[in-house]
Each structure stands twice: as structure tokens, then as C-alpha cells.
Amino acid sequence: MTVAPSTVTIDQLTDWLRRFQGLVAEHQTELTELDSVIGDADHGANMARGMTAVAAKLDAAEGDGDGPASVADLFKAVGMTLVTSVGGASGPLYGTFFLRFGMSAGAVTTLDAAGLGAALRAGLDGIVARGKAELGDKTMFDAMSPAVDAWDVSVAAGGSPADASAAALAAAEVGRDATVPLVARKGRASYLGERSAGHLDPGAASTTLLFRALADALGG
Amino acid sequence: MKKFINDASAVLADSLKGVAAAHPELRVDLENRVIYRGEATRPGKVALISGGGSGHEPLHGGFVGTGMLDAACAGEVFTSPTPDQMLAATQAVDAGAGVLHIVKNYTGDVLNFEMAAELAEAEGVRVASVVVNDDVAVEDSTWTAGRRGVGTTVLLEKIVGAAAEEGYDLDAVVELAQRVNANGRSMGVALTSCTVPAAGKPTFDLPEDEMEVGVGIHGEPGRHRVPLASAKEIAAMLVDPIVHDFDAGGLAIVMLNGLGGTPLIELYLMYGEVVPLLEAAGVSIERNLVGNYITSLDMAGCSLTVLKADDELLRLWDAPVVTPGLRWGA
Amino acid sequence: MKKFINDASAVLADSLKGVAAAHPELRVDLENRVIYRGEATRPGKVALISGGGSGHEPLHGGFVGTGMLDAACAGEVFTSPTPDQMLAATQAVDAGAGVLHIVKNYTGDVLNFEMAAELAEAEGVRVASVVVNDDVAVEDSTWTAGRRGVGTTVLLEKIVGAAAEEGYDLDAVVELAQRVNANGRSMGVALTSCTVPAAGKPTFDLPEDEMEVGVGIHGEPGRHRVPLASAKEIAAMLVDPIVHDFDAGGLAIVMLNGLGGTPLIELYLMYGEVVPLLEAAGVSIERNLVGNYITSLDMAGCSLTVLKADDELLRLWDAPVVTPGLRWGA
Amino acid sequence: MTVAPSTVTIDQLTDWLRRFQGLVAEHQTELTELDSVIGDADHGANMARGMTAVAAKLDAAEGDGDGPASVADLFKAVGMTLVTSVGGASGPLYGTFFLRFGMSAGAVTTLDAAGLGAALRAGLDGIVARGKAELGDKTMFDAMSPAVDAWDVSVAAGGSPADASAAALAAAEVGRDATVPLVARKGRASYLGERSAGHLDPGAASTTLLFRALADALGG
């Protein structure tokens, strides 16, 4: 039995982002279809546009030969790219998530499990600061909040980043699926009132892809 | 999907090229996707910016010009523009008297305009915002994202634009904008879904004998699906929720707006049906608009907006306006 | 059929009621189905009348007002109005200087206007007619009913209306109208059929991956059915037949017109595509219109009109016009 | 064997009009469908509107107690009603047909077979005077011209009005069906060029109903 590494490198975090881009591209149609039912049919296009721009930025940086100096730099660039290329609700929300993630992580090139957890929590708090979502509002928060909680619980129990990412993904999936019966109170779906019930929230679906990408990158 | 497009992901960029070609009197920043007036803001005039997802044309770009907006930021179809676009526009049009952001109440628009305002303030520009939320179709708005901003936006841009042109200062402009928003109510119905180019198929399926009541302008389903009704019955579905939502009596400006796929012959017909119902509710229609002003791509449908007016609002309404979408007095 | 109507046979009457309510500045004779300017024709001014089947709004009623038409006769949907309507309108607007009938070249319109002109002449009114026939989609026009009158009609009503307002006499008005017609060419494409209310279903079926090239404004199929193409390819299908039909080089007024069900975002996109093709053919676009001006109910589609211009035409184009459908300079 | 009457009364002519109205109402959808294929989908509505107005006029006159004084009066009223209520191509064409028919018949209350034939021919000439159609242009003329010819031939051979009307109907049907392969040279169908071939002309169809109504009214 090999011991799982206890730190996460900046390369793994870059891999996370690339995997997230790949999953978003793969699931673009599905995300848009979810948004067709209770929104405005653009969540897949929005996320794909944003993550394509992020990937282009990563490519360009790699092409230049000099990768990001620090986790803070990396995620500041990612956050700003999302903010300036996505628009809609998801642009500022995911953008803020990554901006705050980077600020929390700081000028480092590796993070331990607790540090990564703190960065995730900072990102989550950023989403709440912008969007004021609470649990049960039927938003991406409903997947992200339990995922970050699960990360923390796993780390507190001595879990590696790989363990924590697996736990976070499982929690995100549960949170995502729990959005189905809810009547939306935030975002466009709230305009539908009762008619929003019975459908999965598109943002919760893309957030779950974010945690699947993380688990894939960290071997969780 | 049957549309005049080259590539679903290039619709906005390609369409803006056409706007630039058609309107040499405007300046179109294709890079930032901002439509500006041809001339710089008159020193001392409060500048007005709006913007939002595309697909609602002529809103907002078609309302840039003398007596209305100074700039409009175009987002992707049904997707709010981004803070950097808004910041560029805000800095470009500021002439020292401050800038009003006219924001329709959607989470995306609100969040992006908020970020832009923070950035602009940091650059030393005085920015104020008004969030339009006039859609009575959204019933339980207290604990939610609130009401959508729809038709009143058009009337607000015209009226507040005239006030800025007249020399109202930023505080007065904000007060007026809030008053217009508070006095406007809208309600919409759809006979068909629209098709978002990137999605490639209709956002929802609607059988031949059904319609959606209480739709916004993003192809979202409405609050209720009901059997297809006659124009007279539909008129009541538009008027009733508005006149029950506020005391609509008195002077008013009324807009019967097409959602994009409904021809003018039907819009006039609907207008003919809503007028007696509004009059019965004590509304005295002083001015009106009938046509496509705030659309939802190719959706067949219409919306009704009632704006309670007074002498000041009517005077500002009648003031000259020279834009692609609204023009009179010059 | 999904439309805002009460009764398929009352569409025109109901819609005219809405026009009357929306435009107190016009006078709508609901009995005779004629839309007049609010004031009587200025003594000595040549009066302009047009008319045709309904379903093409804003044409013609939306072009009644200062600087354009004096009256418009509305027929049933896609059916020419009748001679008695035209006679009533002709007599009502004559101010001693004669009346020009602007007729689109369709058998029904021509025959009914001919009868009306005979009747009016018998009543002592001097009547002249211009028959617009600008549709290059009709290829073998020599031994047939000839070319249809489409987009050039809008530009002609504007330009000749300005000339009449300026004081051109009947002979000069006729000469000008013929010149405009001779210098205008149009071509249209449809992505969907329209639905005539009385028919209750689409006039033709068009698969999701096909389009009709060379359509008019009556929901008739076009000359060719081809696979759905990109906007760029469609732009060539519009421009090529026009620039091959006549020497289009030089100054021009260009209209990219929507057929009713196509939203503005697509019309601008199409305009952006036709401009470089026209420029390559030597066309110098001096003025343009992009929007719904001569429609075909709810048909998704567009048409391109190129009118070769000169200084006189451009001056008349720029002259003030105050109508529901076109307005500037006042 | 009863001898067929040799004159046609004004009541029979009125019956012709009422029967035509009935047939048009019955076939309205069919006429509009024919016009959908090569025209603008309104021929059924146009003819129905016109003939309903004619029937209303006949009802009103009967209600007043005084029927038309003469065939000329009757058909002048019918022609004017069509001209002022139909519009389109068919309004002036059918309107002129009936106006000229009445003028030819004159201030009489009965017509013999030859007189009725002359009136039909005058109506036909009126259509040509307005619309300039020639045989093979794929219009109502293609049904009406052979019908009027057949009437004349039948009468020349000693046929009664009933015989002549039967012959005219048969000829109209043949002429109508012969429009199918034609490429239209008049009316809206001409805009379609070659695509107009293979479809029956709607005006030829309504004209055939006119002759069916005549045959029904005269017992042919």
C-alpha cells in the first residue's frame, strides 16, 4: 500500500482546471438542457466559453515557458478570465470563487489538505458574499457547501487530499441531487415558483463537475 | 434551428458588425462589445449606460443616442455582459457628472454591474445604479431573486435619458429612475418558445393548443401553462395581474411589446384589446408604443407595460430622441 | 395556428381598431378600412395613396403621415383592397392637384386599382398610377404577370412622399415614382412559411434543413428550395441576383428587411453580411434601413432591396417623415 | 319523356347564384388549399366572402318583398357586390363577369339558351378585357372558355339550357384538369415558374363550381 501524498502541487491544481474544462466541454449540452428547463438555456455555453478561455490562458502561459509563479497568481488569472469572459450569474460567481481561492492560498506553490480546504471555503464564502444563497435555495451552493464541509471532515479525520476530494465529490453529488425537489429561491429558476420543483439545478451540476475534476486530479 | 447565422458561437460578434455598418452615427467597439453614441458625452451631462444579454434587440444598443443611452454593453445571447465591458463603457462616457447604470433585475446582470461599479468607483468615477424589477408575473418575490426587469426598462431609458439630456444631476437622475421603476408594471405571454442559437433547439416545447402565461424575456417558461386563448382573453391575462398589483388609475404610458416572432398586425390587434380593459381600470393612456422593443429572440408572444405618468414624465417622454429604435422630435 | 386573434375572419377589422387606438394622430375609417393622416391634404399638394392586402405591416398603413402617404387602403390578409375603398380614399385626399396610386404589381392589386382609377376619373379626380415591380426572383417576367412589387415600395413611398410634400406636381411625382421603381431591385428568402389566419395552417411545409429562395411577401413558395445555408451564403443568394440584374454600382439606398418572424439580431447579422458583397459590386451605400418594413405575416425570412440613388433621391430620403413606421427630422 | 324548358327564368338564375354560394362554402378549404400550393392561400376565403355577401344581398332583397326587376339589375348587384367585397384578382374578375353578364342579358326576366350563352360569353370577354388571360395561361379562363364554347355548340345543335349547362360543366371540368401540367403565365402562380406545373389552378376550380351550380340550377 502506497501512502497518498499529503501535499497538492501547483501542477495538480493546473490539472484540476484542465480536467474541469474537459468535463464542462463533455457535459456542455447536458448543462444547457438543465438550464432550458428552469432557466434560459445558456449554462453549458457560459461555462464552456469561460473554461475554454481559461485553458487558452494556461496554454499561453505554458507556451511562454513560465508557468504561474504561485497558486495565488494562477487562480487570480483564472478568476479574472471567468469574470471577463462568462457574464451571466455563473461568471461572477465562479470568478469570485477562484479569486478568493487564490487569495486564501497565497504566494505558495503547494498546499496541504487543510490549506486547500481553507481555499475552497474562502471560494465558497465568496460565492455567498456575491450571491447571498442559502442552503436549499436550489443553486450551485447546494452542491458546493456540503462538498467543502465533507472536505473538512475528511481532513480532520486524517484524510489525504485524495481522500478529501473523494468525500467532497460524493457530497457534491448528494447535494446536487437534493436540488431536484426544491422550489428555487435564487437565480432565474425562482421566477418559475412551484414549476421549478422536480428539476436539477444546472449550477449544482457544474459545481459537481468541478469536484469530480478535483477528485480526478488528486486521485480521489 | 432556422436562423440567419454563420456559427452559433459568433452570433453576437457578427450581429454587432451589422449594427456598426447600419449605424455610422454610432460608434461600435467590436472588441469590448459596447455601442456608443457617435459624439462624446457633453461635459457636465450625467451619462447613462445599460446592457444585458443579447437577443432583446432593439434593447439596449438600439436605444443609444441623443435623449437616451450613452452606451450599451452587449452580452452573449441571454447572458449578462461582463464587468470589464461595463467598466470600459463607464470610463468612456463619464463626463464628470457621474454615470447611471440601468440594470435589469437578473442575478447575472446585478452581479456583473455590481463588480463593474466597484471597479469604476475605484477608478474615481461616480456611479449610481437603478435595478428595474417590474414583472408582475413573478409573484413570490420577497424571498427570491425578486421580480425580473422587463418592459419598463425601455420607458425608463427614454425618460431618464431625456432628463440627463436636460441637465438633471446624478441624484436627480437616480431619483427619477427609481420613480419610473416604482411606477411601472409588466406582464408577458408566449405562444412559442424561442431558440437560443447555442442551444440549437427551442428552450421549451409548447403544444399547438397551449400557451405560457407570465414569461420573461429569456425564453424561460412562464408561471402557468394554459390552453391557447383568444386575443380578448389574453388581453385580460395581461391587464388583470397589472391592475391588481398596483393602483393603475390615472395618466399612463402604455407599451404593447412584441417578443420577436409576432408580427405587427397581431400586436395592433392585441393593443386594441387591452385598451378598453385598461380604460375600465381607470387608466388614461396618454402615450403608447406598439411594436418590438424588448424581445426574446424569435419568441412569438407579447408583453404589456403600464407606466403611471405625471406631467414631468410626459414632458420627458415627448422630448427629442434619436436612436435606431426610438426616434422623434429631431 | 398560434396567433393573437379572436376570429380568423375578423383579424383585419380587429387590428385596425388597435391602429386607431395607438395612433390618435391618424384617422382610421374602420368602415372603409382606410387609414388617413389626421389633417386634410394641404391645398395644391399631390396626394399619395397606396394599399394592398394586409399582413405586410407596417406597410402601408404605417407609412401614412407627413412626408409619406396621405392614405392607405387595407385589404383582407394577402388580398387586394377593393375599388370602392380606393375610390373613397382617392376622393377624400384629393386637394386639387391629383392623386398618385402606388400599386404593387399583383394581378389583384392592379385590377382593383385600375377600376378605382376609372371610377375616380369619372368623378373628376386626376389620378395617376405607378406599378412597383422590383422583385428579381421573378425571372421569366415577359410573358407572365411580371415581377412582384416588394421592398422598393417602401423606399418609393418615402421618396415620392417627400417630393409631394415639397410641391412636385403630379407629372413630376409620376416621373419620379417611375424612376425610383426603375432603379430598385429586391430579392427575398424564407426560412419558414407564414400562416394565413383564414387558412389556419402554414401555406407550405419546409423541412428543418431547407429554405426557400426567391420568395415574395405572400407566403408563396419561392423559385427554388435549397438546403439551409449560412448567413454568408444566403447573403450571396440575395446580392447576386440583384447585381446581375442591373448595374448596381454607384450611390444607393439599401434596405435589409425582415419578413415578420425574424428578430432584429439576425437582420443586423444579415446586413453585416450583405454590405461587403454590395461594396464589392461597386455599390456605395449612402443610406440604409434594417428592420421589419414590408412583411409577410409571421414568416421567418428577409429581403434585400437596392435602390440606385442620386442627389435628388438622397435629399428626398433625408426630408422629414412622421409616420408610425418611419420617422425622422421632426 | 318531358321536353326540357327552353327558357331560363330569373328565379332559376337566382337559384344558380345560391347554389354557387353553397358550393363555394362547401369547397372553401379545398380552394384555399389549391391556392396554398401555387398562390397565397386565400382563394377559398375570397370566394366565400364574396358569395356570402351576394347571398346576403339576395336575402335582403327577398326580405323586402321585391326581387330584382330584371336580369340586368340582378347581375349588376351581384357584380358590384363581388367587386366591393372580394378584392384580390378574383374580385374584379368574377365581378366583371357578372356585370357584363347582366349588361348582355338586359332588362328581361327570362333568357333563352342563346341569350344565356351570349351573356356567358360577354362575361367571359369581360374577364379577358380585365385580366388578358389566354388559353393555357393556367387561370380560370382555361375552365370558363371551353365551358362557354361547349354551351354554344350544344345550343347550336338544338340543346336545351339543361343540355347546354351539362355540356358546359363537362367542358369546364376538362379545362380545369388540363391546368394541372401547365406552367402559369398569369396570376401569382406565374411567380413560381416551372414550380407551378403539376398543380391545379384554384380559379379554374372555382369556375368549375360556377358551371356545376348552373347545371344543378337548370337540371343539366
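Should a chain be cited, it is by its letter among A, B, C and D, assigned in written order, with residues numbered from 1 in that chain.
We adopt the following convention: contacts are C-beta pairs under 8 Å (C-beta built on N, C-alpha and C of every residue); 3 or more make two chains touch, one makes a residue touch a chain.
Keep in mind it's a predicted model, so treat the numbers as computed, not measured.
With centres defined by CA atoms alone, the chain at the far end from subunit D is A. Averaged Cα coordinates give subunit A a centre that lies 55 Å from the centre of subunit C.
Note on chain placement: the centre of subunit A and the centre of subunit D lie 76 Å apart, centres being C-alpha means. Averaged Cα coordinates give subunit C a centre that lies 32 Å from the centre of subunit D. Distance from the subunit B centre to the subunit C centre is 29 Å, each centre being the mean of its Cα atoms.
Contacts with at least two other chains are made by residues 77 of subunit B.
Multi-chain contact residues of subunit A (touching two or more other chains): none found.
Taken chain by chain, the contacts run in an open path, each chain touching the next and the two ends left apart. Chain pairs that touch one another: A-B, B-C, C-D. On the subunit C side of its complex with subunit B, the touching residues are 1-7, 11, 14-22, 54-55, 57-58, 62, 77, 191-192, 208, 211, 228, 230-232, 234, 256, 260-273, 275, 288, 290, 292, 295, 297-298, 300, 302, 322, 327-330. In the complex of the two chains, the subunit B residues touching subunit A come out as 9, 53, 75-84, 106-108, 111-112, 114-115, 135, 137-140, 143-145, 148, 196, 198-199, 203-204, 216, 218-221, 223. Considering their complex, residues 32, 36-42, 44-46, 49, 83-93, 130-131, 184-188, 190-193, 195 of subunit D touch subunit C.
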